[in-house]
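Shared chain: subunit A. Partners: subunit B in the first complex, subunit C in the second.
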Partner chain A sequence: MNPHAKLVFTMSLVMGTSITISSNHWILAWTGLEINTLAIIPLISKSHHPRAIEATIKYFLTQSAASALILFSSLTNAWFTGQWDITQLNHPTSCLVLTTAIAIKLGLVPFHFWFPEVLQGSSMITALLLSTLMKLPPITLLLITSQSLDPSMLTFLAISSALIGGWMGLNQTQTRKILAFSSISHLGWMIVVITYNPNLTFLTFTLYVVMTTTVFLSLNQIKVLKLSTMLISWTKTPTLNASMMLTLLSLAGLPPLTGFMPKWLIIQELTKQEMTPTATIITLLSLLGLFFYLRLAYHSTITLPPNSSNHMKLWRINKTPNTPTAILSALSTSLLPLSPLIITMF
Partner chain B sequence: MSPLHFSFYSAFTFSCLGLAFHRTHLISALLCLESMMLSMFIPLSMWPIENQTPSFTLVPILMLAFSACEAGAGLATLVASTRTHGSDHLHNLNLLQC
Partner chain C sequence: MTYFVIFLGICFMLGVLAVASNPSPYYGVLGLVLASVVGCGWLVSLGVSFISLVLFMVYLGGMLVVFVYSVSLAADPYPQAWGDWRVVGYGLGFVLVVCVGVFLAGFVDFWKVMVVTVDSGGMSLVRLDFSGVAMFYSCGAGLFLVAGWGLLLVLFVVLELVRGLSRGAIRAV
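Right after this comes the complex of A and B.
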C-alpha cells in the first residue's frame, strides 16, 4: 500500500482511539468509533484478495450497526435525562442497548460470529490491530459506564464467551482463528468482573494486549498461518519458538507466568463478592482454552521433523532485529512476581 | 412516551430489524444502515430546537457527515465485493469458513 495512505490510516486509528477514550460527551465517543471503523476498512482490504474483501464487508456491517446502536442508546438516555454525559448513563433501556452494542463491537458471545472470520481474512498485523487496538475504545466505554450496567447480563455474556471461546477454539487449525477464539474467551474474563472492580478489567486488558501482541508478532516473524506450518518452523528460529511456547502458556493462564495474574485477581474479587459459582464455572471453562494453547505450544517446540532432514537448523535465515517481540515476550512471561506493584498501578 | 418519541423509536427499530433480517443483497443492508442513521438525524436535529441550545446545532451536521463517509465506505466495499465475488449476494461470502 502507498506509504502515505498507510500513514494516514494508522494515524486515524490512533486519533479515533484517543478521541473516544478521552471524551465526556457521547457524540464525541461515537465520532471516535466511526473514525476507527473508517480507518481500518482499507487496512483489512489492502490485499484485494477475495477473502480480505469478505472480511472487510463483515467487519464493516457489524461495526457500523453497533456504532448506530451506541448513538441510539445515548440519544434515548438524553431524551429521558436531558444530558449527554458518558458517566451518567442511567436509563435502563439505554444501558441494555449499550451493552448489546458494545458486545457486538467487542465480539462477545452471542455476537461473536464475525470475529474469527474477519481475523482469518486479514493479514497478521491487521489481525493484531483488530484484536488489541480496536478493542480499547469499546472497553473504555464499558469501563466508564460500568456502574449502571446490568450485572447479570454481563455475567451471562462473560460465561458464554468463555465457553464458546474455549470450545470452538478446539477444532481450529488456522492460527488466526485460534487467536480469535482466545481473544473471545479473554474478553469473557474481562467482562465478568467489570461491575465489581473495573480496574481489574483494565489490568486484564493490558496484560492480554501484551501477551497477544507477543504471540501475533512471533507468528508473523515465522510466517505461520496454520498448525502444520508451525510443526516445521522450529528450524527457522529455535529461540523464538521456545519463547513462544512460554508466551502461549502464559496466555493460557498457567501459574508462574504473567497470564495467571489477571485470572487469580478476578477469582479473588469474585469470591469476595459472593460469586463463587461464577468463579468456579469460568475457571473450569478456561481449561478448554488450555487444551488448544497446549497444542499450539507443543507444535511450536516439536523437533521431530515430518521428513528426515540432514541439518538441524536452516542456514539461510534473515536476521531482522526483533526488539518489540523480545521486550514483550519478556513482559508476558515474567511479570507475575511484580503483581503487588502492578495492582497499585491500576 | 410521547407519540413523537415513539415514532423515532419505531423508525430506528424497523431499520435495525431490516438490517438484521436482510436476505440477498449487500445493498439492502447498506440501505437499512443509512435509514438507521437518518432516523437518528431527525431527533438530533430536534434537540437544539426543543432545548433552545444553539450550540448543539453542529451535532446533526457532524453525524450526517460521518454517516455519509460510512455510506461511501460501504459502497466501496460493495464495489470490491462485486469485483471479487461477481455480485453483492451475501450468501456468496463463504470463503472464510475454513
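Right after this comes the complex of A and C.
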C-alpha cells in the first residue's frame, strides 16, 4: 500500500480511538467509532484476496449497524431526558439498545458470527489491531455507562460468550480463528463483572491486550497460520516457541502466570456479590478454552512432529531481534506476584 | 396541516419500505428519492428549514444523482423487477420490524397519532439549525476539523479500495 495512505489510515485509527475514549458527548463518541470503522477497512482488504474483501464487507456492515444503534440509543435518551451526557444514560430502552450495539461491536455472543471470519480474512497484524485496538472504544463506552445497564442481560451475554468461545474454538485449525474465539471468551469474562466492579473489567482488558499482543506478534514472527505449520516451526526460533507456550498457558488462565490474575479477582468479586453459581459456571466454561490452548502449547513445543521421517528441517534461520515481543512476553508470564500493585493502579 | 404532515410521515415509511424491499438497487434508489423528498418536507414542518434545504441539495441533488449516474454505468440489462416474491418477503420483514420497534418504544396506542414540533424554547428569533451551523464554524471548530478529517479519510479509503482495476478490491471492473 502507498505509505502516505497507510499513514493516513493508522493516524485515523489512533485519532478515532482517542476521540471516543476522551468524549463525554454521544455524538463525539459516535464520530470516533465511525472514523475507526472507516480507517481499518482498507487495512483489512489490503491483500485484495476474495476472502479479505469478504471480511472487509462483513466488518463494515456489522460495525455500521452497531454505530447506527448507538446513535439511536443516544437519540432516544436525549429525547426522553434532554441531555447527551454519556454517564447519564438513564432511559431503559436506550440502555437495552446500547448494550446490544456494544455487543455487536465487540463480538459478544449472539452477535459474534462476524468475528472469526473477519480475523481469518485479514493479515496477522491487522487481526491484532482488530482484537485489541478496535475493542478499546466500545469497552470504554460500556465502562462509562455500566452503572445503568441491566446486569442480568450482561451476565447472559458473558456466560454465552464464554461457552461459545470455548466450544467453537475446539474444532479450529487456523490460528487466527482460534485467537478469535479466545477473544470472544475473554470478552465474556470482562463483561461478567462490569456492573459490580468496572475496574476489574479494565484490568482484564489491559492484561488480555498484553497477552494476546504477545501471541499475535510471536505467530507473526514465525509466520504460523495453521496448526500444521506450528508443528514444524520450532526449528526457526526454539526460544520463541518455548516462551509462546508459557504465553498461551497464561492466556488460558493458569496459575502462576499473569492470566490467572483477572480470573482470580473476577471470581472473588462475583463471590462477594453472592453470584457463586455464575462464578462456578464461567470457571467451568473456561476449561473448554484450556483444551485448545493446551493443544496450541503442545504444537508449539513439539520437537518430533508426526510427519514422514524424511521431512526437511528448516536450516536457514534469520534471528532478527524482536524487542516488543520480548518485553510483552515477559509481562504476560510474570506479572502475577505484582497483583497488589496492579490492583491499586486500576 | 396536521393531516399533510401525517401524510408526509406515511410517505416516508413507504419510501423506506421501498428501499428495504428493493429487488435491485435501481428500484431501491427510487424509494430513497421519495423518502428524502418527503423527509425534507417533514423537517420543514418541524421548523428547521435550513437543514431541510441543505439535505435536499447535498443528499438528493448531489449524492443520489452521483449514485444514479454510477449505477447506470454498471447496470445489468435485465434487473429483477418489483413483481417478485422476494419483495413480498422483504416487505413483511420490514412491517414486522416496524411493529416491534413501535411496541418497544412504548407507543402501543399508536392509533392516536399526533405531530410534535421542536422550538428553540419559544424564541423564534433564534433559528436552531442556522445558529448551530454558525457555531460549527466558531466555538465548535474542533469538531469541524474532525468532520473535515473524516471526509478526507473517506476519500482515501474509497481511492484505496478501488485502486488497481481488476487486480484491486473490486474485481468486476
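In this text, the second predicted complex is superposed on the first by the 335 of 346 C-alpha atoms of A that agree within 3 Å, B and C clash if a C-alpha of one lies under 4 Å from a C-alpha of the other, contacts with A are read in each partner's own complex, and residues count from 1 in each chain.
Criterion: contacts are C-beta pairs under 8 Å (C-beta built on N, C-alpha and C of every residue); 3 or more make two chains touch, one makes a residue touch a chain.
Quick caveat, the model's predicted, so the values are computed rather than measured.
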{"item": "If touched residues of subunit A are counted for subunit B and for subunit C, the larger one", "value": "B"}
{"item": "Partner chain in contact with A:Phe9 - subunit B first, subunit C second, else both or neither", "value": "second"}
{"item": "Which superposed partner A:Ser45 touches (first subunit B, second subunit C, both, neither)", "value": "both"}
{"item": "First, second, both or neither for A:Glu34, with subunit B first and subunit C second", "value": "both"}
{"item": "Touching partner for A:Glu54 - first (subunit B), second (subunit C), both, neither", "value": "first"}
{"item": "First, second, both or neither for A:Glu269, with subunit B first and subunit C second", "value": "neither"}
{"item": "A:Glu117 touches, of subunit B and subunit C: first, second, both or neither?", "value": "first"}
{"item": "Partner chain(s) touched by A:Asp85 [first = subunit B, second = subunit C, both, neither]", "value": "neither"}
{"item": "Subunit A positions touched by subunit B in one structure and by subunit C in the second", "value": "31, 34-35, 38, 41, 45, 48, 50, 53, 56, 76"}
{"item": "Subunit A contact footprint on subunit B (complex, rising order)", "value": "5, 9, 12, 16, 19, 26, 29, 33, 36-37, 40, 43-44, 47, 51, 59, 62-63, 66, 69-70, 73-74, 76-77, 80-81, 83-85, 93, 95-98"}
{"item": "Footprint of subunit A on subunit C - complex, ascending", "value": "104-106, 143, 146-147, 149-150, 152-154, 156-157, 159-161, 164, 167-169, 171"}
{"item": "Complex interface listing, subunit A residues touching subunit B", "value": "27, 30-31, 34-35, 37-38, 41, 45, 48-51, 53-58, 60-61, 64-65, 68-69, 71-72, 75-76, 78-79, 82, 117-118, 120-121, 174"}
{"item": "Contact set on subunit A toward subunit C in their complex", "value": "1-2, 5, 8-9, 12, 15, 19, 28, 31, 34-35, 38-39, 41-42, 45, 48, 50, 53, 56, 76, 93"}
